[in-house]
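Here it is: the structure, laid out below.
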Amino acid sequence: MSVFHEIRFHGRGGQGTVSAAALMALAAFEDGFESQAFPKFGSERRGAPVEAYVRISSTMIRAHNQVYAPDAVVIQDAGLLRSEALLRGLKRGGLIILNGEQNPDSESRDFRWICLPASQIGERHLGRSLPNTVLLGALAASTEWVSPGALEQAVTKLLASKGETLIKANIAALREGVGFITQAEEVVA
Amino acid sequence: MDKRDPFRHNVLTSGHRACSGCGEAMAARMVTDLIGPDAIYINATGCLQVFTTHNQQSAWQAPWIHSVFANAAAVASGVEAALRAKGKDTPVVVQAGDGGTFDIGLQCLSGMIERGHDVLFVCYDNEAYMNTGVQRSSSTPHAVRTTTSPPGRLSQGKHHLKKDVISIIAAHHMPYAATATIAYFPDLKAKVEKAMRIKGPRFLQILSPCPLGWVHDSALSVTVSRLAVETGLFPLIELEHGELTGVMRLAEQKPVEEYLRPQGRFKHLFGSKAGAVELRHLQALADARIRRYGLLDADTQWDTACAMQSVRHGRGGYASSMPTSEAVKNDT
Amino acid sequence: MTPKLDIEPGSSTAYHTGDWRTRQPVYRNKWPPCSQTCPASEDIQAWLALATEQHWQAAWQKLTERNPFPATMGRICYHACESACNRKHLDSAVNIHAMERYLGDRAITRKWSHKPVCDTPQTQRVAIVGAGPAGLSCAFQLARHGYPVTIFDAQAVPGGTLYSAIPDYRLPKSVLASEIDAILALGIELRLNSRVGKEISESDLRDQFDAVFLAIGSQRPRQYPGKESSRHRVMSGLEFLHRLNRGEQIALLSERKPKHVAVVGGGNTAIDVARCIRRLGAEVTVICAQDSHGNHHRELGTEMPASLQEVIEAETEGVQFIYRAGIRRLVRSGEHLSGIEIAHVDQVYDRHGDFNPVLFDGTEEFVPAGLAIFAIGQETDWQGLEQLSQSTQADGVWLGGDAVSKSKLAATAVGSGYQAAMSIMADLKGEPFVFDTHKKAQITFRQMSLHYYPKQSRHEGEVSEQRLDGFNEVETGLLDDDATHEARRCLSCGVCFMCDNCWHFCPDAAVIKKAGGYGIDDDYCKGCGICAQECPCGHIDMERLTG
Amino acid sequence: MKQLLEGSQAVAEAVRLCRPQVVAAYPITPQTHIIEHLAQQVANGELAAEFINAESEFGAASIVLGAVAGGARAFTATASQGLLLMTEVLYNIAGLRLPVVMVCANRAVGAPINIFSDHQDSMALRDAGWIQLYVESNQEAVDTLIQAYRIAEACELPVMVCMDGFFLTHTFESVDLPTQAAVDDFLPPFHFVRTLDPADPMTLGGGSEADNYQEYRSAQQAAVEDAQPVIEAFDAEFDDRFGRAHGGLLQAYRLDGAETALLGMGSLMGAVRDVVDKLRDRGQAVGALRLRCFRPFPAQALVRYLSGVQRIIVLEKAISIGAGGILASELRAALHQAGMMTPVESVIGGLGGRDLTPQVIESVFHETSRDEMGATFRFAPDHVMPDETDHG
C-alpha cells in the first residue's frame, strides 16, 4: 500500500522543533519507510518562530521542496497561533496537535484538533518545559504513521550522546503523550 | 652543499633577477642558507617570488611553493598540518615582504600564530610595495616619498607612521618574535638559529633595503640598514611570549640625518622649512624608540659595535705563504 | 611543449645575470701603510698575521726575510710604521715595534737560527766594508743565498752605529750581539780592526772579490760651525755617545761636573744624548731650530726630525726643550763655558731645502750650560776609500747605508743592505734587478670599513719606575698573551683576512669561497659593489667595465 | 547500511571514510554542520586528521592548498561569500593542479545578504579550473564525495562537490554509507607526485610570462576536458562496487521519446522527476536531463542526449548578470556547434532559496516560449500555494 504523509512542525527556537521533526522521520525510517526531515530554511535564533517538515513515504522521496500541504501540523507553542498562519495549506480533515489546554479556534471544523498540556508533562519528566517528545507521542498514537516503539528507538538513537537519564526521561514523556491519546480514545470508546 | 660553492647550501642560488644590490635577496640568502635545504619554504607574492622564479627557471634549491599574495601563512599552516599528519618534522618557513606581512597577509599570519603552527615566518621588510613600483605600504616610515605618497605642495611624503608590526605579532603571546637586519649578520644568524630551535610560531622582521625604492647606491644596502639601527629608527629586539627579552644596545646613537642623507626617498625633506619639521619628527621618533627599548642603556652584552665584528678566518699578509709545519713545530 | 608545473631546483643558473654588470669587483692586495713607510720594507702585515695564529717562528722568519735585527730594531727603530698605521683612526696604532721586539727576543731566547734560502753554495765572493746595520743586512741576504761573504770593519766590535751610538737603556749590548751572532752563523767571515787603506788595500778588495759593498756609515760628526777657537766643554753628540758606550760615562762629567748641559739639535741623536745626560744626573736643555711635534707649520715641513715617542720619553725624564731657537754664540768666561746665546729662528731651511736657519735680531736669550753638545748631523769619512767611493755598480761596487742616506735611520740602513744584496745577486747572475715591486698600491683608512673592527686598547711593555737610576732598559717586552692580542689588532689593511663579509653579503651568491680565498663568479655578479663597500680592509676594488 | 542522517552529517561521514589528513574550514551557513561534524569526529578520535580552524575561507583554502602540496589528502567546505573569498586561492589551487576536494554548500551571494540556496556562488567559480559536480540527493553527495577524491587524485585536478544548502545539507534522509573497507578498496592511499619534500626539492608556483602562460592554460584545459571519461569510469566502477551510479556526467530521466526535455542541476531535479512522472501520466512527452558535471562541460554528451527533442527548457538557479542563464548559454553554444537549432528556453528561478516547487516547474513547462520577444531567458514564476492551483 502506498503511503505518503507530510507533517509540519511549528515552534520557537529552543523548543526542540527541528529535533521533533528529525525524531519523527527517524521513527518512520525505523519502521521501514523512507522519510525526510528538514527545517524551514533560516538561521536559528532562540525564541523566534521555527518550522520543520517531515515526509514519510513507502517509496523513495525525490523532492526536496518544503511542505506546503501538510497532512498534520504540530504546534509546540500555542502563542504562535496569534501571529502565524499555522494552518496554511493544511489538508481538509488534517490533524492539528496543539500544545495547549483547548482548541482556540472553534471555527476550524475542517480539521481534527488534539490539545494536550505537553509543556507541563514535559516539565514533569525533563525538569524543563520541553513539549516535543510529548507531542510526538500524541502524534504517533493519533495517526499510527509511526509506531511508538520506533519513536522510542529514535529517541534512544538521536539522544545517544546526551546520556541514559535524558533518554529515559524523554521516553517517559513520549509514553505519556501516547497515553494521553489512548486513554482519551478509551474514554470515547 | 652547492655544486658551485662547497662552503654553503645556496638554497637561494644565482641567476635570480633581483636588482643589483637587492637587500631582500641578500636577506633571503642569509636566512635560507642558515636554515638549509631540509625545510619547506612558502613564499608570498612579491619581489622575492618574482625574481627567483621566472619562466621555468627557479633559483631555489629546496622545496618551495608560491600561491598568492595574502595567503603564505595559511599555506604554511596547511603544509605544517600535512607534515604533522604524516609524522614528519621538516621545518616550515614562510618568506614574505612587508606587504604580505603588514597589510594583505596580516590576517592569515595572525591566524597561523593563534593556532600555534610550528612555522617560522620571515618578513623581509623593505618598507614599501617595491614589486609594483614603490607604492607605500603600512610599513613605509613617516615622511617617505613613494609613488603613492608623493611629496607636493601640501605633503611631505607619507603622512602616517610605520606600523609597529612586531608589537602586534608579539601580542599573540607567541614563543618568539624578533627584528634583525642584513647589516648585522652575527645577530641575524643568532636569531635565525634561535628561532629554529623553538617550536611553534616564530616571527622575524628583517629590514632589507631596496636600492630602487630607497633610492640609494646599490653598494650601500648594508650600510644603510646598519644606519637604520645605529640611529635608533629600527631597534633590534627579541620578544618571547610578548615580553621583551633581548635588545641590541647602541654603542653610540647616530643622528637620523646620517641615515636619511644617502636615501633619495628622504631627499625632499632637506632644504625646506616643512621638511625640517619632518626631520625633527623623525629624530624624535628615533629618540622615542631608543627610550622605549632602552637602546642606549640596555643591560646586554650585545651592542652594535660587537655585533659588527669581523671574524678572522684566514691570514692577512701580502705575499705571505702558509707557515711550514716544520716552522710551527720548531717553536717550542 | 607543455610547460612543467614543478620547476627544476637551481635552474635559474642557466640565466647569467653577470651580463647586467657595468662594474666589477676585483680582489686586490694593497701594500699597507706600515710596510709602505717601513724603511726596511718589512712585510709587517704578513708577520703580524702569522703571529695572530701564534706561528711565532714563522712570523720571525717572515720578518727576518727583510730585517735580521728584530730584537734590535724593535727597541731602537722610531717606527714610522706606527705613525702610518690605519688603526690610529679607530683607536690607536698597532704596537708594531713591540711585536717586532717580542719576536726578536723570542728568537734569541729560543736560539732560533736563520735558514739559508738556497742550499747551493755560490762561488762569487762579496766583500762588505762596514759591519753596521747596512753591511750586516747585506751580508745576511747574500749568505742566505749561498754567497761567501767577508765583512771588513775598522772597529773592534761589530754593529757600527748600533753598537757605538745607541745608549744601553735603549739597546742592551747583549741583544745586539745575539742578533749579529745569528747573522754571522750563516757562515759570514768577519774581519774586525780592518780599515780599508790600512789593513787591506782597495786594490786587494777589487782583486779578491767579485763585488764590493761599501756601507761605512756616517761616523764623522758635523761640527759646530761657530768661529770660536776653543773646543773646551764642547763636543759632538756622536762623540759623547761613543765614549759613553765605551764605558767612559763616569769620566765624562766628573771633572767639575756641570749642573746644566745644552744639547743642540732636533734629531734623535740629540734626544739620546739628552736622556743619557739625565741618567748621569745633570739638567739638560735641548735647543732645536725646528718646531715641536704637532705645532709645526705643515706647509714648511719644519717639524723636528726626532721621534715623537722619544721626545715624550725625554720630557718624562725631565729634559727641557727650546724650539725654534738657533745658536748665536757660545758664552764663555775665559775657558769656562757659562752658556749659549740663542735667538729665534724664522726660516729653518733655505729654498734649496738645506738646513740654513735665519735668526731674528733682538730676540737673543741666554741658556746656561756648563757643557754644550752638538748633535747636528754627521758626515761620511771616505778616507782610504777614495777610489772605491767613486766606483759604480758597473765596476762591481755598491754603496749603501748611512753613507748615502739622508735619514740616517738604522732601519733605512737595513733596507739599503737588503736592496744592495738583491742588486748584487742579480748582477752576479746577470739578471736585471727590479726594485721592490709590491709597493705600488696603497690603502688609507677611508677605503676601509673600520666599524667592522672591535675597539681594543693597545698592549704595551712595562715601563721601569727607576728609569733614571742607570742605563737599564726603560721598557720591558710584551707578555706572551699580550703579543697574541696585539698581533690581532692588525687591521690587515688591503689584505684579505677571510672575514666572509663579501661572501655573506653578496645578494647573488656570486662570491665563491675556496680554500684560502674567494673568487667572483662572473656569470652572476651584477656589480652592485656591496662586497667592496663592506670589505673591512679595502681589499676589493670596483672597476668600471669598458667595451 | 542505510541510515537516516542529516545531509551535512552524511557528507562528514563520507569525508571521514576518505581518510583526509588535513581538514581546514571557516564556518558559514549552510556549511557549518559539515565542519561541526568533522570537528566532533576528530575530537572523538574517529577521524585521524589535523583539524584546522582557519581565520577565513581565504585561509582555509590556502591551508588545504598547503596541505596537499605538503603531501596530505585534504578537505574543506564553504559556501557563498566564503567561496568568493576563496576565489583567488581556488584559481591558484587549480593552476597548481593540486587534487583538493571541497564541498560547496550552495548559497546565494549578497547583496542583499541571503543565506539560502542557489547556485550563484559555485557558478561564479566555473572558470577557475575546478571540476564541478552538482548532486541531487544526500546519497549522491556521499557517493560523489568519495568519487571526487578518486577523480581529483587521478587527474591532478581539484574537485568541487556542489550540494544545495539546506535543501540537502540540513535535510535528514536515508543514506547508505559504505563501509570503510569498501572505500579503502575504491580509493587508494593518497599519493601526489609534486609533494614538497627536501628529499626531492622542487619549485611550485613559479612565475611565467607571455612565452608560456598560454601553454600552461592550454594544458590545464586539456586536463579538465580529459577528466570526462575519468568521471564516467569512476562512477561506473563505483556502481560495480557499491551498486549505485549517478550518471557520470549527466543523468537522463524518461527522455526516451520525449519531445520536451527539462534540463537542470542539483536538488531541484527530484521535484522535476516528480513533475515528469505526473506529466507523462497525462500523456505529455516530456523527460528530464540532470547535468551532474558542469565542469568539464560535457557538450558532446548533452548534444547526444538532446538530439531527439524539439524543446529544451533549462531551469537554473543562477544568473550571469547582464547576460542571463549560464547553463542555457553554454548549451546553446554546444547545440549550435553541433549544427542543431533546437530552441532552448532559459528559465532562471530558485534564487536566494526560493522553492522551485513541482507546481512552479509544471507551470514553466506549460508556459510558452518568449523567444519571439527577443529575451534570451525568463524568470520562473513565484510559488503559488497548492490550494490555489491544481489540487488533484
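Some points to look at:
Per-chain numbering from 1; labels A, B, C and D assigned in written order.
Just so we're on the same page, a contact is a pair of C-beta atoms (placed from the backbone, for glycine too) under 8 Å apart; a residue touches a chain by one contact, two chains touch by 3 or more.
Everything quoted here is computed from the prediction, not taken from an experiment.
Remark: the per-chain Cα centre closest to the mean position of all protein Cα atoms belongs to B. Across B-C and C-D, the chain pair carrying more C-beta contacts is B-C.
Chain B and chain C have Cα centroids separated by 49 Å. Note: centroid distance chain C to chain D, computed from Cα atoms, is 92 Å. Chain B and chain D have CA centres that are 45 Å apart. Note on chain placement: the centre of chain A and the centre of chain B lie 66 Å apart, centres being C-alpha means. Shown for chain B are the residues in touch with two or more other chains, namely 52-54, 56-58, 60-62. Contacts with at least two other chains are made by no residue of chain A.
Counting only residues that touch two or more partner chains, chain D has 96, 201-204, 206, 208, 212.
Under the contact rule stated at the top, the pairs of chains that touch are A-D, B-C, B-D, C-D. Considering their complex, residues 1-3, 5-9 of chain C touch chain D.
Those residues of chain A lying in contact with chain D across their complex are 21-22, 25-26, 29, 34-39, 41-43, 61-66, 68-69, 88-89. By the touch rule above, chain C contacts chain B in their complex via residues 3-4, 7-17, 20, 29, 31-32, 35, 43, 45-50, 52-53, 55-58, 61-62, 110, 112, 438, 451-455, 488, 490, 492, 495-501, 503-510, 512-513, 516-517, 521, 523-524, 526-530, 532-534, 536-537, 542. Those residues of chain D that touch chain C in the complex are listed here as 96-97, 194, 201-204, 206, 208, 212, 215-216, 218-219. Chain D makes touch with chain B in their complex at residues 21-22, 24, 48-50, 52-56, 58-72, 74, 88-89, 92, 96, 196-198, 200-209, 211-212.
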